[in-house]
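Each of the next two complexes has chain A plus one more chain, namely chain B in the first and chain C in the second.
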Partner chain A sequence: MQQDGRGNLIEEGRISSRQMAMLLFTLIISTVDVYLPAVVAGVAGRDAWIAVFLAVVYALVIWAVAVTLASRFPRQTIIHYSKEILGPFLGGLIGMLLLVYFFFVGASIVRILVEIMKSSFMPRTPLVIFAASVVLVACYALFGGLEVIARVNGILLPLGIAALLFVGLGSLPQVDFGQYLPVLEKGLGPVNWGGVILASTIAEIIIILMLYPYLQDRNRVGLNGLWALLGLGAAMLIGVLAIGLFTAEVTAAMNFPALEMVRVIRLGPQRTYLDIVIAAIWVGGIFVKVALVYYAVALGLAQWLGLRNYRPLVVPVGILMVALSVMAYHGLSDLLYTELKIFPGYSLSHALLIPLLLLVVAWLRGWRAKG
Partner chain B sequence: MDRLRLVSVALLLVLVSILSGCWDHREVEDLGIVLLTALDLAPGNKIRVEVQTLVPGAVVGGGAASMGMGGGGGGRKRYLNLVAEDRTVFEAIRRMSLEASRELFFAHNQVILISEKLAREKGVTEIIDFFARNRQFRRDTWFLVVRGDPRDIMEIPTHLETTPAQVIMGIINRQDLSSYFAPTKLGEFIKMLESTGIEPYTAILQLKPNPAFTRISLLPGVDTPPSLYRLWLAGAAVFRQGKMVGQLSERETRGLLWVRGEVRGGPITIALPASQGKQELTMEIMRFGRGGVKLEPYLAGGRLGMKVKVSVRVNLAESQNLQLDLNNPRVISRLEKELAGVIKGEIMACVTRLQEEYRTDALGFGQAVHRKYPRVWRQVKGEWEDVFATMPVAVEVKTVIRRIGLINNPTPPHMLEVR
Partner chain C sequence: MFRFWKKRTRILPREKGNPAPSREDYAQWERSYEADELKKMPLGPRLKDNLALIKRILGNSSDLVIREFRLGVDGGVPGAVVFIDGLTDKGTVNDTLLKGLTLESRMAGLGGRDAGNIFALVRNFMVNTSSVREAATVFELLDGILYGDAAVLVEGETRALLATAPGWPVRSIEEPTSENLVRGPREGFTELLRTNTSLIRRRLRTPNLVLERITLGERTRTYVEVVYIRGLADPRLVQEVKSRLSRIRVDGILESGNIEELIEDNPYSPFPQVFRTERPDRVVSMLLDGRVAIVTDGTPFVLVVPAEFIVFLQSSEDYYERFFLAIAVRWLRYIAFVASLILPSLYISLTTFHQEMIPTRLLISIAASREGVPFPAFVEAFLMEFTFEALREAGIRLPRNVGQAVSIVGALVIGQAAVSAGIVSSLMVIIVALTGISSFVAPVFSMAITMRLLRFPMMVLAATLGIFGVMMGLLVILVHMASLRSFGIPYLAPLAPLHTGDLKDLLMRVPLWAMDKRPSELAKGDPLRQEEGLKPAPPDKKGGQG
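For the complex of A and B:
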C-alpha cells in the first residue's frame, strides 16, 4: 500500500479508459434523454438543440477540470487528496459533501425510475418495490466490484445505443424540422439557461474523481471522456427531436417526452406499441447508473472512514438509498421542481466549484503527491 | 453444480412472481377492450361518455354465423356500448364500472369522437386534457367530430367489419382514395391546439341515408335488408380557440389539405368545352405530401401577404372528351394548365371560406409568418385573427400529367372523325 500514496485503495479491479468512457456515457444518457428534453423545451423553447451544444461545451470544462485534478493524484481518490490539499478537517468535509452528492444523485435516479414505471406502466405497484429491486440488483453487482459493473455495461450499452438509434430513426419520418424555426427568437438567455440545466446533469461525470486510480491507461482517459461527451451531445440531439415531433409547447407539457417519442413510432400498421420494449432496455441503463453511483458512495465512504474493505457498507448504503429515494420526494412535481430549480446549482457547485477549488489550492501549494 | 442448479431454479421461480406484473397484473379475460370512445354534452353541464367494447366470445364464436346480420339478429352482438354521464370524463368512465362486468381497457382505443354540440358549445380544450394525461390513450388515436348523437353512430349495422369502430377506421385508412375529408390524430390535434399560428381541424363523421336501400330490400325473401343509414366521413370541422366554428365542404377540405401538404391521392375532375357542351376528364392525384407545398409569406408595404406554391403529379384516369388528342404534348400541357386552375380554385375556396366566414387560421399561415418574420409576428400575433382575415393570398399551382393509362386516345364511335 505504500506506493499508492497515503490512501487505502481497497478495489483491486482495474478497468480500461474505454470502459470508463462507456460507463460515463451510460451514466448520463440513462437520465438525460428521459425527462430533460421537456425541461429544456420549457426553458429554451424550440432552441433546445442549441442548449445541447452549449451544454457539451460546459461539460467539457467540467471534464477538463476534473481530469486535470485527478491526473495530479493518480493513485488516490478525491476522498484522500482533498485531505492532503486542504487538511484533514476541511478536506474531510469536502469528501463528505461529494459522497452526499453521489448519494443524492443515486436516490434521485432510483426515484425517477419509480416515477416512470408508476406513471406509465404500473400505477398500483408500491414504489418501494421498484426502488428496492433495482438497488438489490445493483447491490449484487457491487459485491462483484468495479470490473463487473464495467463489463455488464459493456453488454448493456450497445443495446441502449441501438434502442436510442431506433427511437431517433424511427421517429425521424414524423419530425417536422420547421418546428425549430425561428431560431433564437428570445435571445441567448433562455438557451444558455437550458444549457446550464443540461450541463448540471452531465456534471455527474465527476465520478471520475472516484474512479481514476482504477484505470489501466490513465493517459488516455481525458480523450476517451471527450469522445463520450461528444457522443452524449449527439444522443441529446436525438432527445430534442421531440420538439420537431410534438412542437416545443407540447413537449414542455410532457413529463417523459422520450416515452412519448417511442409511442409514436410505427413499424407498419400493427407493430406500434413498442414503449415497453424500449423501457426494458432503459431500465438496464438505469441499473448501471445506480450501480456506478452506489459504488462510488460505498467505496468513498469506506475510504473516508479508513476501512480496508467497502463490502460491509454495501447493504447499509443501499438500504439508506432506497429509503431516501422514497422519502425525498412526495411526487413527480417535487422531483421535476428539484431538477429544474435546485439541482443545477447544487450539482454545479459540487462538480465544478469543488474540483476547481482543490485544483487552485493544490497549485498554490505546489502540486504534491504526483505519480 | 447441483446446488447451483437448485438455486437457479429457485430464482427462476421467484422471477415468475415478479414478471406477473406485481400489483398491476391484469388478465385479458377480465378486460373490456374499448375500440371507440365518444363524448357528448349532457344536460346540467355534464359530459356523456360512450364507449364501444369488443365482445370477444361473439367475435370468435358466433361471428361468422351472424355475419350478414350486422351485429344483431342471429348470433350474439359483437360489441357492447356503455354510456355514463358525469362532470369529468374520468368520473364518467369509472361510473361505467357500475354496470360493466369487466374493467375497461383503452390501450386499443382507435377513435375518439366528439359530438358537434360539445365541440361548438363547450369546446375541446378542457376535455382533451384527460386523453393526453392518461397512459392508456395513444397520441395516434383518431380524433373526430360527430354530427348528431354519437350513440346512433355506435349502433350502425355493419357488414364487412365487426364493429362500427372498425368501419370508421377502415374509412379513415382509405382516406387517400379521395382526400375529401381531413381526419386528425389526437397528437396532431393537440399540437395544432397548443401552437400559435395554426388552428386545429378534423373530419366530421355523420350518418347519411343509404342509397343502396331500395323498395325491394324490405320484401319477404330478401335475406338481410341493408340498413337505412350509412356512416359517412365528410369535410372538416374547423376550430377557433378550442371551439368548433364551422365546417368545410369536400372541395374546401381538399383545398385545406393541399395547403397542409396532406393530400395523398384522390380524383380530380376538369371540364373542357367540347362540341356537345362540356366534357369531363378525371385525373388521379399520385404523389403529394409535405414536400409538394410551400408557404411563402411576404411583406408588401408593411402588409403581410401569403404566397402558396403547390406542385402535383397526376395520372389521367378517365376521359369523356372524345376530341382530345392525348398523344399531343401540347394538349397535355393545356390539360395541365386547366388542372392547375381547378386546384387553385379548391384552395381559394377554402381560403375565402376561412378568411371571410370562420376567421380561423386552420391553414397554418400564422406559423409560416412566425418562422419567416419573427419580429413582424410579435406585432401581429395579438390580432392575428384580423390580420389573417384580410391577408391577400396568391396561389401558384404546377401540375404534371405523368401517365394516361393503358390506352392513349378515347375510344370513339366509328363515325366520328377525330384525327
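For the complex of A and C:
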C-alpha cells in the first residue's frame, strides 16, 4: 500500500482550492456564530470582539502548521504519512485519534442541530428524528463524493452569507455600541481565554490534513484558506453584535444568541420572526459541515483499514454518528458545558499538538515523501 | 433481430382452446426477412426473378407499384420501375423516369447492340432526377424504396438504380406550439428530417456545420442526424454522442423521447438531462455554444446535449429582447420556478408548525377561513393540488371543444364551490393558483413536469417536519443535482463548480456586446464568441453632423 509513497487515495474527485476555502468557511461559520457568542460572552464579557481578533491569530497559527505539514506530503492524507513519520503503530494510533476527533465533532454538531430544532421550534419531536434525517441526507451526499459536497456548498454558501449579512444589517439599528465600553475592564486574561475557546472551534480546519491530496491547485490553498479565516473573523464580529443588542450578561445567559438576534429584526411595524427561515438556511450549513466531517471519517477509516473504497463504511459510520450524537449528552446544558470546559483542550491538542509533533519529527527524520 | 419476437410470444397470455401460434406456425405462414439476411442477398440478372423476389419479400403489399416497360427499339429490353405508392411522388416518376425510359429511349434508338452498357446509358442519359444511387443488394434496394425512392431495374443487370422522388404527405412549417415567443422567428420544426436540417442550415451557413447520419431502430429504421459545428463542439463530446447513439438496439424509434431515455447519464433521475426544443433558432444558438444536436426523423422535437440545469430556465427570447427586460424576466422565472416547487409545502409548514411567522392579522383571517375546514392543511393542499393536476391533464387530453367545458367546470370547482362547501380554505385556492401559474412560467415543459412531480414529496415532508423537512427535501434535491452530469458537464454548472465568467448569462443577461465568451465548460476550442469593443456609441460629437 505504501510502496510508491502515495498510499491509496480512494476518492477520484478533485476540488479547487477556492472550493476548499468555501468548505472551510462553511465548516466553521455554521457552528461559530450560533451558540459560541454566548460562551465567549460568558468568558470575555463585553470584550468578546477582541477575543475574535485573537482567535483569528491563533487560527492562523494552526492553519500554517497544518498546511506546512500537508504540503510536505501532497499525495497522501495524514492517515498515511503519520505512519510514515512515526512508524506503523504510533502513526496508526495518531490517525485513529484524529478520526475519533472528526467523528466526535460530527456527532456534536448533529446534536447542536437537534437541540436548536427541538428547543426552539419543535419541542415534542424525538431527538433521533432530526439527527437521523440530517445524517441520512449527508449519507446520500457521501455516495456522490467530495465533489458533490463541494458543489452543494457552492450553492448554499452564498445563501448563508446573504442570511448572515441580513441578520447583521437588520439588527444593526438596535445595537447599542455603548455596551462595548469600557474596553479590557478585567485585563487580557479572560479575553485571551475567550480567544482560545473560539480558536478551538476554528481548529476544525485541520480537516485540510484529510483533504489536501484531493486539491487541483495545491499551492494556492494556503492563501485561500487565509482569506477564509479573515472572512470568518468578520462573520464572528457579526455574531458578537449580540452583546450590543442584549448586553454581555444577557447574551451569556442565552442558549442561541444568533436566533435571538434574528427575532429582534423588524421589517415592518412589528417584529417579523424570521428565525425559522434563517434557521432553515443554517440547517443547510450544518448539513455541509456534517457531510464534510462524516466524509473525512469514512474516507480516513477506509484508508486506515486499507480498503479500496469508503462507500461500504458510509452507512455504519452514519449509524454510529447518530447514536453518539444522541447518547453523548444529557441535554443542552451538558453540551454547552462540554464546549466550554472540555472541547478547547481536546480540540487544540488534536489540531495543534499532533500536527506540530508530526512536523517536528518529520523534520528531524529529514522530510521524506515529498512530491 | 428475431429475439424481440421470441420474448414477446412467450409473455403473451394464452387462451384455452385457442393456443397462441408457435414459431413454426409463423415460419410456415409468412417468413420474416431480417436485415442481415437481406444484406447477403444479391440481385439476379433476370428481371422476372428480381420482381418476384421483391413482391415476395414485401408480402405482395397493396401499396407496392411495379410498372414494367420495354426500353428502346426492336421490341426493347424489359425493365421495371418499382416504388411504394404514397411514399414516392407519382408525378416525378412519370415525368422524369418513365418518360425518359419509354419514349426517349425509343427516340434515341437504344437497342440490342447496347446490351453491355445499357445500364450506364440509362443512368447517364435517361434518368434525369438530381439524386441517383445504385443498389447492388436486395437490402439496399428495399431500404431505398421504403424511404420513398423509385427503383429502376433492367433485364440483364445485377444492379438497380434508385432515384430520389419523395412524395409523402408533409405538414407545413408552423409556429411551434410548445414554446411561444412574442419576439423571435415563428418557424418551428416539422416531422420531416430534411426540412428540419434545412431550417438549421439556413441559419448557419458555415461550411463547418456537419451532419452525420445514423439509422436507429431495427424495424423502424429511423434516420437520425448528429449535428454540430466543427471547431466549436468538443470532438470527444461528438464521439461520445455518436457512441451512445450507436449503442441503441431497439425495435423502433418513434419520437426523440425514445432516444433521450436511452442516452441519458442517469436514467433514474427526475431531472431532464437532454434538452429538447421545437425552435430552430434555439438549436442554432446552442450549436454556437459548442453543443451537439440530434435531429430525429418523424418528430419536431430536436435534442441538444449536453444540457445543464440552467438551460431549461432560459428562453431564446431572453436574447432577442432588450437586456434590462431580459434580466427582470429571468429573475421572475427563477422565483416562479422555486415557488412552483415549494409554495404548497411552505403553506403547509407555516400553518401547521410555524404560525408565529405569519403576521397576526393574516393569521386571524387564515384561522377564520380554515374554521369550517375539517381537514389538516396537508390533506387540504393535497386535495387541491390533485384536483388541479387532474384538470390540467384532462385539459390536454380532451378534444378541444370539450376541454373548454372542463376548464370552466374546473375553475368553478377549484374556486368558489370548494371554498363555500367548506372543503378548502380560500387561501389554499390562492396558493394552488399561484403554484399552477408559476409552473407554467418555466420555458421548457420537461423541467416544469419535474417540479410538478417533486412538489408532492415536499408536501409530505412539510407536513411531517415543517420547514426543517422542506429544507431536508431541498438538500436531497440539491445533492442529487450536484451529483448529476449531462454528457460530462456538471448539471449545476456554472454555479457549482463555479465559473464566475459564466454567471453573466445566469444571474444576469449582460448586453450582447459584453457576452464575449462561450460557456467555459463547452467550446474549449474557440472560447471567444465575438470581437471586443462592440459596445455601440454615438459618433464623435466633433465629427458628427451636429
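A few remarks follow.
Keep in mind that, in the parts below, the second predicted complex is superposed on the first by the 364 of 371 C-alpha atoms of A that agree within 3 Å, B and C clash if a C-alpha of one lies under 4 Å from a C-alpha of the other, contacts with A are read in each partner's own complex, and residues count from 1 in each chain.
Everything that follows uses one rule, which is that a residue touches a chain if its C-beta (ideal position, glycine included) is under 8 Å from a C-beta of that chain, and two chains touch if they have at least 3 such contacts.
Since the model is a prediction, treat every value here as computed from it, not as a measurement.
In the superposition on chain A, A:S349 makes contact with neither chain B nor chain C.
Touch criterion met: A:S133 reaches chain B and chain C at once. In the superposition on chain A, A:S71 makes contact with neither chain B nor chain C.
In the superposed model, A:G284 lies in contact with chain C only, and not with chain B.
Taking chain B and chain C in turn and counting the residues of chain A each one touches, the greater count comes from C.
In the superposition on chain A, A:E185 contacts chain B only, with no contact to chain C. Using the contact criterion defined above for the overlaid structures, shared-chain residue A:F121 touches chain B and also reaches chain C.
Residue contacts after overlaying the shared chain place A:T338 against neither chain B nor chain C. According to the touch criterion, the shared surface of chain A, contacted by chain B in one complex and chain C in the other, consists of residues 121-122, 125, 129, 133, 272-273. Across the interface of their complex, chain A is touched by residues 18, 21-24, 107, 132, 135, 138-140, 187, 190-191, 194-195, 290, 367, 370-372, 374 of chain B.
Those residues of chain A lying in contact with chain B across their complex are 119-126, 129, 133, 176, 178, 181-182, 185, 246-247, 249-250, 253, 260, 263-264, 266, 272-273. By the touch criterion stated above, chain C contacts chain A in their complex at residues 353-354, 356-357, 359-360, 465-472, 474-476, 478-480, 482-483, 490, 492, 495-498. Chain A makes touch with chain C in their complex at residues 15-16, 18-19, 117, 121-122, 125, 129-130, 133-134, 137, 140-141, 143-145, 147-148, 150-156, 268, 270, 272-274, 276-277, 279-280, 283-284, 287.
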